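Look at the two complexes coming up: chain A is in both, with chain B in one and chain C in the other.
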Partner chain A sequence: MPLKKSQLKVGDTHEAVVVDNLTRTQIVQYAGASGDYNPLHSDEVFATKVAGYPTVFAHGMLSMGMTGRMLTDWVGDGRLTKFGVRFVSQVWPGDTLTVKATVEAIREENGQPLVDLAVSTVNQDGREVVSGSATARIDP
Partner chain B sequence: MAVERFPVEASHIMMFARSIGDPNPVYYDEDAAKKTEAGGIIAPPTFAQASSQFDPDAGLRPKIGQPWFGSGKEPTGVQRSGGGGGGTGLHAEQHFEYHRHLRPGDVLTATTKPGKTWEREGRRAGKLMFSESITEYRDQKGELVITARSVGVSTERVVQQD
Partner chain C sequence: MAESVVTDAMRAAIGVEGPPTIAEVTASGIRLFARAVGHADPAFYDEAAAKERGYRGLLAPPGYLGTPVYRPGGRDPDELGQRYEIPYKRILNGGTTYEYMEPVVAGDVITSRSRITEFRERAGSMGPMLITYRETLFTRQDGKVVAKMRGNIINY
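Take a look at the complex of A and B:
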């Protein structure tokens, strides 16, 4: 169900929870699928004793991937033309993440209607973990 | 990073989608995917990052027969040189531009060029040194399919938690 230009306006928002109580096992799953086996993300002994962190933490790209899921659920499959983020804070096991997208602009490029979105992912304490933007093709 | 051959495969896409907690059938169910606008299975928007599986030099994958810096008998298998100020290399930013979305059967190449570098003083981790890299993913026809811009940061100290 792609978005329609005629049904969108600047300032519209969409929100979804993309993970509830992030598990260490999901972080391991992401390591295996992505090929990023940095022990900071899956090796409690290394993360605490060598690197000095309180525990392991999620790959930034896992947070981006979960953030992207909310966008593709909303704008439709294969509709993103741009997606970029900054990793603002670390994401830890047990975190619950909510993604919010806000319509910043509705425009056309070579006759193709597009929507520009501001994207923000926050944890259960309201702390922003991912801040970014995306552009998607929309229907007239 | 240079990846000479990144074959995009359906089972890899399925595992990647599971790992990001995305149950969308367009990532694993060929019959359901055919009925969608995508017309078949496609890869999730951040899948290109999994090209590191096909990078012979990927530093974050254990190499058979080589010491690994994660824990075994000891907390780390590789003592870091320089005495270790506790700093960490972290991912600061990632940006993708999609010329089209990836599909099983695509065979990509990826070439990476260094971009800008800059420094700033951080509030929670001391001096931060940023470096950018730009990766172009091309398909089997040589056409540009994804442009990725990545920013890495190395921190002077472990990021303080507040």
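Take a look at the complex of A and C:
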């Protein structure tokens, strides 16, 4: 159900867990789905022995995609008009990610009601991994 | 601040549009991506459900703008957009912003064209960094721009 302008006010928050105990399999699924086969994300031997990381880690765009999933679940499909993120820290296998969106503004553009959101994704230790903002069309 | 690594070749690359990339939006590609990201919304899996909601076909989730058409052997080096060397080995995605103008659905063919808008240099905690800002336009088969992406890549 799309969000309604009348149901929202500035400062409202919405929170959801988008992944519980991220698996290496899901990271590999994303590699295949996106076509991004950088071995840092899928090859444990390369990631540890060659690149010197503790293990493989998620594509930034996977973290963005999971963050975006919370948004489309909340605002409705086809409603996002803008979605931007910064990748603040890496996401590792085993991580549990929670996305929180905060209503920053409710406005209108050419008669179309819009909501501006601040978006933050944190891991199980409370460390921010994705920080961003989004705009979505809402119903009057 | 160390000496600048931005060369004349890099400055000359600013604003020059790279070669177009063609990506096909397929039903399988949409489902594969939606599943990898963990979507459960039927609009991304069931064409009938998507059409019921007024879309032309199976809806692509945010972040999926088709699967680039693979060509064996890769591209001719002359065709590659980048004609300069960056003296840093490590690379990070610094951030990405998408603007969505039109829904993208299975059957669409998306042409993307990218250009560098700016280079910035910064002394980071991990040493000197070069930040490349890029803008990409995604155009549908009928000429409509469906999305715009602004992003930056950090080399350090």
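Keep this in mind: the second predicted complex is superposed on the first by the 140 of 140 C-alpha atoms of A that agree within 3 Å, B and C clash if a C-alpha of one lies under 4 Å from a C-alpha of the other, contacts with A are read in each partner's own complex, and residues count from 1 in each chain.
By our rule, a contact is a pair of C-beta atoms (placed from the backbone, for glycine too) under 8 Å apart; a residue touches a chain by one contact, two chains touch by 3 or more.
Owing to the predicted nature of the structure, the values given are computational and were not obtained by experimental measurement.
Partners chain B and chain C clash in the overlay (superposition on chain A).
Within the superposed three-chain model, A:73 lies in touch with chain B and with chain C [touch as defined at top]. Once the two complexes are laid over each other on the shared chain, residue contacts for A:46 go to chain B alone; chain C is not touched. When the two complexes are overlaid on their common chain A, residue A:91 makes contact with neither chain B nor chain C.
Look at A:37: by the touch rule set out above, it reaches chain B but stays clear of chain C. In the superposition on chain A, A:54 contacts chain B only, with no contact to chain C.
Once chain A of one complex is fitted onto chain A of the other, the partner contacts of A:119 are absent, as it touches neither chain B nor chain C.
When the two structures are aligned on the shared chain, A:83 is found in touch with chain B and with chain C.
Within the superposed three-chain model, A:64 lies in touch with chain B and with chain C [touch as defined at top]. Looking at chain A, you'll find residues 18-19, 26, 29-30, 32-35, 60-62, 64-66, 68-69, 71-73, 77-78, 80-87 touch chain B in one structure and chain C in the other.
Residues 2, 18-19, 26, 29-30, 32-40, 43, 45-46, 49-54, 59-62, 64-66, 68-69, 71-73, 76-87, 90 of chain A are the ones that touch chain B when the two sit in their complex.
Listing the residues of chain A that touch chain C in their complex gives 18-19, 26, 29-30, 32-35, 60-62, 64-66, 68-69, 71-73, 77-78, 80-87.
Contact residues on chain B toward chain A in their complex (touch as defined above): 12, 15-16, 18-22, 24, 26, 36-38, 42, 44-46, 49-53, 55, 58, 60-62, 68-71, 75-76, 86, 88, 90-98, 101, 149, 158-159, 161. Of all residues in chain C, those touching chain A in their complex are 29, 32-33, 35-41, 43-44, 53, 55, 59, 61-64, 67-68, 70, 92-101, 103, 150.
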